[in-house]
Structure formats: structure tokens, C-alpha cells
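After the C-alpha cells below, expect a handful of questions from me.
The first chain written gets the first letter, and so on, giving A, B and C; residue counts start at 1 in each chain.
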Amino acid sequence: MPDRSPIAGRDVVTLDTFSPEEIRWVVERAQRLKREPPGAPLAGRSLAMVFFNPSLRTRASFAIAFRTLGGTVIDLEAGRDLWPLEFREGAVMAGAADEHVSDAARVLSEYADLIAIRSLARGLDWAQERRDLVIVSFQKHSTVPIFNMESVLDHPCQAWGDALTLTEALGPPAGRRLALTWCYHPKARPLAVPHGVSTMAAKLGLHLTISHPEEYALDPGVLAMVQRTAEESGGSVRLCEDPRAAVEGADAVYAAPWGSIRYHNRPEEEAELRLRYRERRVTPELMARAPGARFLHAMPIRRNVEVDDAVVDAPTSLVVPQAANRLHVQRALFLSVLGM
Amino acid sequence: MPDRSPIAGRDVVTLDTFSPEEIRWVVERAQRLKREPPGAPLAGRSLAMVFFNPSLRTRASFAIAFRTLGGTVIDLEAGRDLWPLEFREGAVMAGAADEHVSDAARVLSEYADLIAIRSLARGLDWAQERRDLVIVSFQKHSTVPIFNMESVLDHPCQAWGDALTLTEALGPPAGRRLALTWCYHPKARPLAVPHGVSTMAAKLGLHLTISHPEEYALDPGVLAMVQRTAEESGGSVRLCEDPRAAVEGADAVYAAPWGSIRYHNRPEEEAELRLRYRERRVTPELMARAPGARFLHAMPIRRNVEVDDAVVDAPTSLVVPQAANRLHVQRALFLSVLGM
Amino acid sequence: MPDRSPIAGRDVVTLDTFSPEEIRWVVERAQRLKREPPGAPLAGRSLAMVFFNPSLRTRASFAIAFRTLGGTVIDLEAGRDLWPLEFREGAVMAGAADEHVSDAARVLSEYADLIAIRSLARGLDWAQERRDLVIVSFQKHSTVPIFNMESVLDHPCQAWGDALTLTEALGPPAGRRLALTWCYHPKARPLAVPHGVSTMAAKLGLHLTISHPEEYALDPGVLAMVQRTAEESGGSVRLCEDPRAAVEGADAVYAAPWGSIRYHNRPEEEAELRLRYRERRVTPELMARAPGARFLHAMPIRRNVEVDDAVVDAPTSLVVPQAANRLHVQRALFLSVLGM
């Protein structure tokens, strides 16, 4: 393992742009940081967090991770602290937007050493949404590294934290069996978590089984990338509609609710469809098909709707360590991206 | 006086759970801290402030107290930075709540060394409100100490700061006469301040006279505790409807407006009732019944409605030192609860 | 140049209260700070930012400037973190205001070493607006220095940063020709930037040409002060309706949109009037009248409405350095006002 950061200056937008070695290097660094006093290596450095959508765990864990290392964080909320932004190049800005993203990104780059963005779906067609224009525009125009705090397509810091959690619980994750299983939620939730977790599993050589109702497939482009990546790393990806079969013999079960891309922007039809699957809940009976398996969920959890209390609160549940590890992985990422 | 903190690891939710010695120990520590350069003893430590209701003095004084000692503060607003919370154990979460308080509290405990909560009345019956479910739930589920930044029942940091202010102005407060006097306000204000101040007075052995219109009694459970406590500490509690008699010969007059528990959740009737008492204002004439008495108020003040300018701006007024002392007492509390 | 700060303890509300020597002293200090590691000279110090109106650049640059020097910042939003304020002395506060500005200012003075205020127009007559009552009230009642983060009348930190930017680009600005030119914007924007820039230019002895449609004159009181000041410093002020003539031979062109004082509070008429001037845009053709001239704008920029892309993105454009220099000038101001 190299001593010097292999990811200095890089954007953290998806795990797809990192090699398995780089991902493991950061996980190991996070493990070391957990045992060390934080010190103040980020004194004089600053992070600008820009929220186009609200957040709890990410806002709190980003801010605390950066500040307890001595750094400065500012927290900007689009629509309150930011002018409405124009994203089209060369636009005649006579409409609602007061500032062009190129100007906002260049100015924030002068004020901050890192810029972190949260930006979810904006009511466009899926083909448009999946281009993640907000974060891609900041990547294009900023002169400092960009962190993705959850976009339409990905949630890399969640996935990287999960890699740390799996490593702590199971040892090196390569070759382990992970079941990613769709569960019911009263709302159509984003796809960033299942995308990010699948990418991470593929990169690290896990055997991944994905189980969801047929209308709830992951984005085809992401799925193709995940399958290609798994092949390269010695892992595998299997789709399996029946959650009981999917979970069978797994080392870890990752539950997540997500909306249907096929019904994107048809919320009433999607809700009606989703209701048909409202019995897809992670129960102790389902978990019994994978004796000893760890349980993961990115939170927030609708208890007894997505997952039974008995599963969330079991000794095999990793949901709280998952949230805690966000802090540690992000510390490792901040330092590594800043070349420290 | 012990050198080591006698309150390490404790929740600061009401002064009722602290002994007179512990309360005085913190007051003395705050006095010492005022004379010392702050240093950075809280470097690497973090405080999560969670606001279910807005705040000025408390938000500012908590954040500045913690940060100027080198610590990290995050400021979370329920309904913006937090998911809507479920408080019932075992609930099937198919309604409005997206996250269970047990999960939110456990996760925040991983991110922060202390959690501070502001949570006022929520439109329930008084019998429900007075249970202070929000703060009690965080106490139950968090693994780090909880600070009360004002709940339905109490405002311990205000009261603890007032103990410091009284000690600075009058010397050791035991045996001193404090008149807590209800004053008119166009709105029905919370009871946390009069409850907290009464508890503090009883703990420290003051002779407390409480004066209010008959429909504006304090919570009976709190009042019974205050009376019991005063007996134990050599103080006393006297109720006295006439404010002029109540103030007679007092060493300090504490003015506060508060709503009627009897009319809780009947705002129109309560407002009509309250209007009948709109002449209950602290005037120089009233203060003249207690020559030399100090004047206290927890702010904000409706000048010339609750209290005349001539009283607020008199040399005997302690309203600004009261606000300033919040900072110093909270510094002493943070360090002491963290075992430093 | 003196070694000790000549502006310790001063309010930073307008450049009009500073001498040319003091303004240059701070510019030179900012230039030195750009080359030095920040250190933590503000450890234990705190800044309270109070926003009566939203902000991007100012909020971010104030917070980062103060914090990366080791200080603590709290960010208070009126109407969320502040009670509604009463500004009239001796008022009977039975209306909407819950707290008097004298109390809010005195309390914040106990919590913070500096108070910074943003407060724009409030829907009053111009004669009232121009008195800048909010910031003037804080100046009157606080016991610590006040910073203006943009008021109705002025935006001194923008102007001071622009002085740094002009100095870096052109050398000592005295004797240089600056064209301040009105440009169209779909909204009536504040006058604080053109006022502040004009004051700065006059103080530093520039030859200033101001160009605007006839209904868009600057505030007569400000303009008279600017003319008087220019005479004293060896500069000059010229009004010139035709932007082409105004720009002719300038060393720098500063574009800004602003509303009509004459039509203040008559938004529909003002909008109709303004539309007549919608062709007043800074184009490469206009800039060609001042070969080599630098281009300035305080941002946000409505690209291709106020200014063409080709001007904003030209090598002669200083818009990004202007924004960056806010940070450096504010650092110099914080330290100097605090007597460091």
C-alpha cells in the first residue's frame, strides 16, 4: 500500500472512477483514523457544502468530520443562500436564474478547498436526470475537487462507508455474498444508494444478488457498468426477483427502498404499483434464510414497514456502525483528496 | 469543593436532578472561566444542537460557548435538517414520520459528544405536554449526555446562568428574597423559565415569593417539587397574588410572562383572560417597594408592556449580565459534563 | 505606513468614514495576508452575522475569512433566529415586534467580538430607507464594532475588495480612469454597490465617470459626498449619459445594474421604464472603446443580459479575483478592527 495518497486532487462523485486498490486504501486509512486523536490537519482549509436538497446524516457527518480535523465548513442552501442557477452554456439569462453555475463554481473555488454537492431529481425525464447536470456542471467549472453528497445516480460516501462497515464485520469483502433487496416504502425513494452499493460491491469483488419487483430495475447504464466491473474484479452480479432466494446463504443483507425508473415522473401510477409490493418487508423469517448474516440499511428506516424492529435491533444489525463510519471514511477522503 | 467534575456524564435537563453543591460547583467554575483565556479544551469534540423550535439567545450562546473552547457545533433544524420523527415504540411507520427517534438519537450519538435539544409545546393536552416526550426520548436512546435548551417544563441553562448572575450581584444566594412576578405579554409564553427559576431558587435556599393572577399557577407537579426542595435546602416558597405585596422587601425581582395551564390549547379564551391583566407591568413604582432590589428578566422583553424602560435600563437591572452569563455557565457545564 | 492598526475599534459601515491612508493601509495588509499562512490569530474570538436579507458571496466570504483565522462565527437569520425587532426608542411594544434592537444589540455584544449586518430596503419611502435604520440602530446600541455586509446605502467590503483588485491589476489606483456603467437587469437591484464603488474611487483619487439612464441617478446625498471627496483627494467625478463616451479611454469598466430611486416603491412603473433600456448591455463593441481596460462586476451576473459572455470570460475580466479578494480584504479588516 502506498504511503502517499493515490487520490489527491480527485473528484469523489462515484466509486466507478476509483480502482479497487484506491477504494481499499481509503478504507484502511479510515480504520487507522478511528484509532488516532484527530489533531488539526485541516486548520486553515475550508469545505463549502451546497445543498439543493435537504439532508441529515450527510450534512452532520460531513460538517463534523471536516471541523473536528480543524477545518472550516460553510453550509449553503440553494434557494436561500444561493441564487437560482443557470446551467446552459451561452444562455441569455433573462429568465428565473440570477447566476450562472460557472460563476458560482468559480467563486466557491476561491473560497473553499473542497466543494460538496447534494442534488437529487428535479422533475425531468429520466434520460435527463441521469446526466446529473448539477454536479457535472460544478465538476466542469470549479477549480477544486468536488464531493458528491448524493446525486440522482450515486451516493459514493455512503457506499465507501459501507465498504468500511463490511470490512470491519466480515474481513476483506472480496468473495463475500451480499444480497441487495428492495423493500417497500410509502414514498418513491432515490436510486443513489442501491447504485452506489452495487458499484462498491462490484469494485471489491463481492458476489452480489439484487432482488426487486420487476418494474424496479436499477438504471440500465449503471447496471451494465456494475456487471462489467464485477467481472474485472472477480466478483459477480445476479438478478433474482424472489427475495427469499436472493437472501439464501448471504453473508450480508442490504435493504433499500427505491422508486421505479420506468414510472419516473408518473407518481400516482408509481404509488399504485408500489402498493402492490407493500408486503416486501425484511422480517426475521426472511433473515433466517441467511443464518448469521449481517443486516445493513442506509437510513432513515421506516420501522415495521421496510424492516421489522426485530431485524433493525438484532445484534447482527450494522445500521448504526454504518452511519458512524460515514464520519470516518469522509475524514479519510478529505485528507486523501487534499493530498495529505 | 472537589477538583474533579461531580457531574461528568450527566444529562442537563432540569436542575432538579442536581444537588445544591453541584449547582454551586458549576457556578464557581463559570466564575473562574470568566477570568481565564478560553484555550481549546474542546478541540476534536462536537455538539449537535437540534431545534424543534426557534431560538436566539440559546442558539447563539450555546454555539459560541462550545466553539470558542475549540469545539465543533452542528445546528440541525427539525423539519429542515431532520426527518419527521416517530416517538412511539414499536410503531408501524406508515404515517408521516420518516425516522424513529431511537435511530436519530443513536446516529447523532455517533457524531457528537453532546446533544442539545429545544422542544416546546406541540399542541397536545397539558398532561401530555408536561411529559416532555421529545427530550425524554432523546435521553432514553442517545448514548451521550443530553442538554435541554428549553423544553415544555424547564430551561435549566437559563436558570443556572441566573444563579451565577444572582451570586455575582448579591453574594451567596441562600437566604436572599426573590420575587418571581408574572407580567402581561400579548402572547401566551412558555412556562419553562418560571419553572426553572423556581427550581433553582429552591435548590439554593432562597426565599421565593411567586405572584401571578389566579389562573396562571405553575404546573402543580413542578410546584410541589419546588416546595419540597425549598424545605430541604432551608429556603421557602410563598404564593402571593398581589404583586405589590410579593415584591415588598425583595433582594431581587424576576419578571416573566407565561401562559395559563388551565387554558392550555384554548388560545382565544386564554387571550381574553390574559387581557384582563394587561396592567400587570413592572413599573418604577412597583420596584420602589423593594429599594435597591435587582431586576431580572430572561428576555426577549416587550418594553413598556411587560416592564417599563426605566426599570430595564436602571443601574439595578441585570438583564444584560443574565444573557452574558448564559455563555459562561454553559462553558462550565460543557466541560464538567464531558468530565474535564 | 504605521505598524499598528489605524482602524482599531472602528465600525466598517461606509468607506466615507475612513481616510485614503487608512483604506490603502488595509489594502496593503490584505496583500500581505494573501502570501502568509493564516495561523489562528482569531482563536477564542467570535463574529455574529445577522442577515435581514439573504446573501451568497458575503455570507460565504465573511464566514470563511473569520473561521480560517481560527475564529468562531454564528449565522443568524432575522425572522428565523431573531425575534422581530422594534427600532423606535421608548416604544410601547404591543405590536408585532418581540424585542427591542437595543436589547438584541447589547446581548449580541456580550456573545461576539464583532457584529456584521445585512439589511436592504424594507418597502419604505426612499427618504426613510436611506437612513439605514437597522444598521444605524445596531451601531448605536452595540458595544462592539459593526460591519456592514450591504445596507441600503453602501457595501463597503465589496468596495474595499475592489480597491485591492484594482491595485493588483493597475498598481496604485490614484489618477486611473474608472467608468461605472449602468446595465440592464430584469430586476431593480440595490444601489449599495454603485454607491460603495463611487465612494472608494473618490477616496483613492480615481477619475470616475458614471453613466446611467437619466432616471437612474445615484442618491443625491451620496453623490454630493463623492464629489466633495474626489476634490479632496485629487480625483474627479463626471456624469455622462452615453455609455460609449463614458467608457472611452477608461483603465477599468465597472458594470452594475441598479434600480431607480425616483421610482422607488413603484415597481410596475419602474419595470416598464427599465425595459426601455434593455439594450444597455456591456458588449465587446463597448469594451473596444477602452482598449486593454479591465472589466469589473460585483456578481451575480445575468450573462448576455447585463454583460456578454465574451466580456465576462475575457482575460481582462477581473470578476473572479474581485470575489476572491473579498476574503482577503475582510481578513485584513477583521484583524485591524480588532486591533491586531
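Criterion: a contact is a pair of C-beta atoms (placed from the backbone, for glycine too) under 8 Å apart; a residue touches a chain by one contact, two chains touch by 3 or more.
Only a predicted model underlies this, so the values are computations on that prediction, with no experimental measurement involved.
Colleague: In degrees and to the nearest 5, what turn takes the CA positions of chain A onto those of chain C?
Modeller: That rotation is 120 degrees, given to the nearest 5.
Colleague: Can you check whether chain A and chain B touch via the same residue numbers (shared by over half) or via different ones?
Modeller: Chain A vs chain B: different; shared/all numbers falls short of half.
Colleague: Using mean CA coordinates as chain centres, what's the chain A-chain B distance in Å?
Modeller: Each chain's C-alpha centroid was found; their separation is 41 Å.
Colleague: On chain A, where are the residues touching two or more other chains?
Modeller: Answer for chain A, listing residues that touch two or more other chains: there are none.
Colleague: Going by the contact rule set out above, which residues of chain B touch chain A in the complex?
Modeller: Within the complex, chain B touches chain A at residues 43-46, 48, 72, 74, 76, 80-83, 86, 90-94, 98-100, 103-104, 106-108, 110-112.
Colleague: With touch defined as at the start, can you tell me which chain C residues reach chain A in the complex?
Modeller: These residues of chain C touch chain A: 37-40, 54-57, 59-61, 63-64, 67-68, 70, 186, 299-305, 309, 312, 319-320, 323-324, 327.
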